[in-house]
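Naming follows writing order (A, B, C, D, E, F, G and H), and every chain is counted from residue 1.
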């Protein structure tokens, strides 16, 4: 069960190369894909690679991976050198619990050569935490915002800045907010113009959308 | 089908007399209750009485009712004179679409002898609309806040004031926010302490809870 | 119940002036807002203004409105002249049933001075309808895609073009697809990078997000 | 991933200092926050800190914490001395299974200097268990009620006492009642005036709301 | 589209003859069934027959029907004479809004020759309304209880009497309780033994279940 | 956290003594209740007592319990001697996977002195399995039917026998049927008269309802 | 808003020509499509064309349509002559309320030249109604089964015949079964092999699937 | 708890012999069934037999089983020899994560003597992966398609080929797509004719439906 057919041409067609979503794959499947890429000398981004799964990969592959357990991402092949990072995208996380998702976005940006500075713990219960960062946030051309629980950050933020906001609901919460749907719905129902949403916990998707926007619109 | 058994003693027991929820009752049922109350010389609050239903009531009863079509409320019997209104409760509505629910709360307060000034159109997309009202809002001991769509107002408000916030989600919205559940969930999932919720569109419930709080705690 | 507090400063702060969402407002509320804007000589966009509601507005206001019944939008004040329209945003509608939402997006763009050519009936059941438009679609820097039913268009489109796709699920469908949630979830769960979503039927939101992106990123 | 930005000023602004919700945080994140607070000599309440997570914290921090495994709460710094506890808030738990949530409320009250006597096992299947406690319950100015399963307690209780009821649904149940939503909806749909709700299992939220009410209204 | 195939033998097999559920049938379909039954000289119960649909039936059929608009039920053929009514089943309705459903149960019982006295307006917000009826209610061998909103009646009632309770949630409510699911779930999640449930608004089903129980168990 | 208040009088009032639902209780809580009952010399039924929890109880209590791991039930005190078992209730299980729930019903019946013969594996895909048991099933006065997946058994069975059917949906299934709701809804929506439902997996509730019916109606 | 792009080639590619789903289209849109087809001399099937919408079409188009109000279908152009109808597909409807959906399937078959005899009112509450039709049903190579409420028909039928069953849930029901989802889930969760499902009320989809099966497999 | 009643006659009646669904069965139950079948010399297919459960079976049974851990299927008794495999059914899997479900289908086909070649990793984000397989896919008379996430494959595939598509949503995804419902709904709501659906992850059901179709229609 290790058949796969990589979409090598995707970067040309859509601007973003294919990545490997590891959550529902077996160690054998991930190892086979990794081996093929190593052999072909291609770079590859792995997402949602939990520590236990990483530990179950062959040592050879593990050695070739730049693995970050906090975000569950791994880079195969050399990342773009930090000094050349393209700027324009900022990441905001409502609370410290939202950092793994924010970091998945930051790492995805880094893999593709984009800077993704994270501004953490700016939940709207204490508005000053947000407003004292406004100056910095307003420098970005696109903001990726990550929030769980009730996600009020998305609306407040979009009402304060000119940049579009890519909202990523995180599955941080309990009771009615247990799976991130409340925060997602808040992003979708937001009265503030300029908020668009990606799937819950999808830091990768927010980052690739931001890159596509920068490439297509900022060209 | 006009049997009913009013809970005359409820005011003594719980502090709030029974009211008549008209939405699922027939005109005949409402008329029968009204006639009995008129005969007994008792005051009564009717809620969710739509204009068409009001028009279908007997002229005699209609004449005895102080009816407000915007909120769908009617008072049978003299309301408490305005000059004696007890203060302490403020009402905030996120948008003009939320005014019917806010007004149901205000009318319920008025029926019971409480002032309920409404501060409208303070949605958080333009934070200045809220912050310029803060001085006024901080004078209240309890705030009833009404908001539909994504309900971010609840969290932002509770992070700015000391008074507890009774959140009433309104069924104003469409798509994922069509029935008020998103705003309700936001109130329940709010990170800000001091937010409590009542049912969607339940201005009556928010008002009676505020009265019970004032009576029980403020005594 | 006609209190309102317009956010005159919003255009400066966020790049998009406030609009009036009419669906849950009474004719009196809409008329009052319109009168105030006419008096102030300000332009204003009204959305989700159904024909019956438009007919219920005062003749004076009606006369000042450029009303489009298909999309339920109205412009108060002169629109930007067509010849100056800013290009870069294209609109794709999966079927003819999706045209009202697509047109809400196009009208919102027009009100703000942006061109929004609509490419209709490119559902993926007949892929040729989409592929024969690819040349044209690839000229746009941002695509707004509208689709109901199962919304497969979002994924297929995003896999074929470089521009980011703002997906608007439309509430076109029945059975499991009755309210647009299936198409919305497809947009959110899409494997294709570069798809972001707004609320169901929210052509206005897609258009304002596209404008914010063009302004912030394309500057 | 240990960035955080505590809202030191929150107590002044809202009457309740910030607490640390531990459920979605890593041990490293909790330890960093704890160390900062110890260094600053500030008191802090930790909630939803499971035993395994507590055991994973550095010994130095563990030693400084007053940890209660039943409720998953920990106090950093000296609690308010018991003799000065402010009275007025009572806690009712429908069954013994609801005690962890009731205890989270009681501990939160204690941390802030409020007494929170718990009256347990008063489910309405045996009404006498509730009625024999009425005398005691009527002494409180606010009641926090915790119930899972079908939550009928909320309505019955609110029909018997004058104090407002803050309803906390607990996630105790199975089948249709598996996640506490039935009890929550019962609280929201209750016919009895004076019932307000917080999120499922949110003993902390009920306690802080009760405190805000006592402070704001009882002042 | 008037084909039908009545299950004439059902009474023998299951104890209950077939009835005609009218809600999704056309007037032509109902008329055809009625004509066939009149011709065959058979009695028949029609349920969920709204007034407008009744008015659309042929005059000949209308004349042969004992129609009750409150419950939407009609009897074709002579009902069992009142004096022979079999006793043992009591009906309880929480509020006056629940009477149409209670009456559907009572009429179904009557059609089959069973008495079904209705005890109305015994909601648990005022427990005395229920307790003062206990003596009467305890005389029945089976209780059909109808309640909407939060349905706390089911649990309280079952905790007070020995008879089994057949709970019928009614679709009386709004917000979270809009469609009767909260009351249904309360019946299903009830801690009190002896509560069984039928579908929302299904007075017919409760009545036929009660009859089957009396016939099968009370024989 | 071991406070409890047993409802010793419940058997007199409702016909069924209180039982201990163990799922959300700690070992300490269960042990305390058990110790109190042993001391008082009272019999007690424990339900949803998983093997791991049973193993965690004090040896003294374990020794006094008649524990059945398949159903998760335990009897404290002597069960009613088998020879005196009251007849009239039959149990039907659609598949072997439904046996734990069926057995919870059978054990609950046994604890109270009722026979509960189980007829297993009569799913309706092979109707002969059901029809060849009809003779036996028709001897019972009440049938408890347990089924997961799509629960078609409830309707087919109720169409074939005169006895009322207490339907217990089991949480056996996957995909759309993962939590037993489909089978529960089938029971509630069944066209066949005489089907009543209890909560998913609630063999205990079905058994106590059957006992209440036999006692109240069969007296 | 009348742009459309018909997929003339679809019949060649997939075996089924495109049809016009009218529910979300305006009269103007339908008229434009109809006019284009008439001009081109092409046959066309219209589905979900309600009587009011049909009445709103231009007389010229109406005259050219073979319209069936029961199923909401219309044929433009000559239907295949009855005598050449291809056999092999049978349609079963559980109740008379399910006939509109069954008839949509039959009309779709007829438009494409296939016979679709309907066998109505074979619900499983009276199994004899189904079993007495078994001989006839077993002659078909594919069965389209339509059922609402609890949909037990799907499982029972599939357990009795060799032909595959295409299950169409109908939105006939109320309470938990109000929108056809229960019947749909029953089809999906059925234990009986050979049951496949299409969308709720989708008689058209069942018919086209049956045709594709006959063409592709029976060739 | 090992009672079972196998439906030996099912193959004759429906064309497919009974299989053993292991997920909710205990090792003892599975072992008892296996022993009975071995004794009777009958072949048997076991599905959803996880590795841990397989390991818990008696060695004697394990030795007689052809077990495939990837799909969780086991054959008892000799499989049909490969050379006689009946052709006509093709399997398509959108991604490598969908292979376990695709393989359950392939193994079910193999057990019954049908070939089931799997074509993997043809997700529609890279359409070329699908179109380059079209030639091969068009040779099959029925296609089983497996896809998770947003399931756009179902619609695109059905728009390109003549064969009917049996869609199996897989529970591969996260956030809004966490349980496979989005992909299932896409299959049901698909605009493309000829798509029918089975339950989520139900490779077995797709395979048996395909076999029934081939046997009944292709005869």
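Following the convention adopted for this analysis, a contact is a pair of C-beta atoms (placed from the backbone, for glycine too) under 8 Å apart; a residue touches a chain by one contact, two chains touch by 3 or more.
Here the structure is a predicted model, which means the values were calculated and not measured.
Asks: On the document's contact criterion, could you list the chains that touch subunit A and likewise touch subunit C?
Replies: Under the touch definition, subunit A and subunit C have B, H as mutual neighbours.
Asks: Indicate the lowest number of steps between subunit B and subunit F, counting one step per move to a touching chain.
Replies: Graph distance in the chain contact network comes out at 2.
Asks: If we look at subunit C and subunit D, which chains touch each of them?
Replies: Chains that touch both subunit C and subunit D, as defined above, are A, B.
Asks: So which pair out of G-H, F-G or D-E basically repeats A-C, with more than half the contacts the same?
Replies: Checked against A-C: the matching pair is G-H.
Asks: Can you tell me which chain lies farthest from subunit C, using the average of the Cα atoms as each chain's centre?
Replies: F
Asks: Give me the rotation angle that lays the C-alpha atoms of subunit G onto its copy subunit H, rounded to the nearest 5 degrees.
Replies: 180
Asks: Give, as an integer number of Å, the spacing between the C-alpha centres of subunit D and subunit A.
Replies: A distance of 35 Å separates the two centres.
Asks: In angstrom, rounded to a whole number, how far apart do the mean CA points of subunit A and subunit F lie?
Replies: The mean C-alpha positions of subunit A and subunit F differ by 49 Å.
Asks: Let me have the rounded angstrom distance from the C-alpha centre of subunit A over to the C-alpha centre of subunit E, please.
Replies: Once rounded, the distance between the two centres reads 56 Å.
Asks: Two-or-more-chain contact residues of subunit F, please, as numbers and ranges.
Replies: In subunit F, the residues touching two or more other chains are 10, 13, 125-126, 158-160, 173, 175-177, 184, 188-189, 192, 199-200.
Asks: Sort out which chains touch which and give me every pair.
Replies: Pairs satisfying the touch definition: A-B, A-C, A-D, A-H, B-C, B-D, B-E, C-G, C-H, D-E, D-F, E-F, E-G, F-G, F-H, G-H.
Asks: In the complex of these two chains, what residues of subunit F are touching subunit H?
Replies: Those in contact with subunit H are residues 70, 96-97, 99-100, 103, 118, 120-122, 125-126, 128-129, 148, 172-178.
Asks: Which residues of subunit H touch subunit C once you look at their complex with the stated criterion?
Replies: 95, 123-127, 149-152, 154-156, 158-160, 173, 175-177, 182, 185-192
Asks: Flag every residue of subunit G that touches subunit C in the complex, lowest number first.
Replies: Within the complex, subunit G touches subunit C at residues 1-5, 7, 9-10, 13, 18, 21, 23-25, 29, 33, 48, 169, 171, 179-181, 184, 199-202.
Asks: Spell out the residues on subunit G that touch subunit H in their complex, using ranges where they run on.
Replies: 10, 13-16, 88, 141-142, 158-164, 166, 184, 188-189, 192-200, 205, 208-209, 212-219
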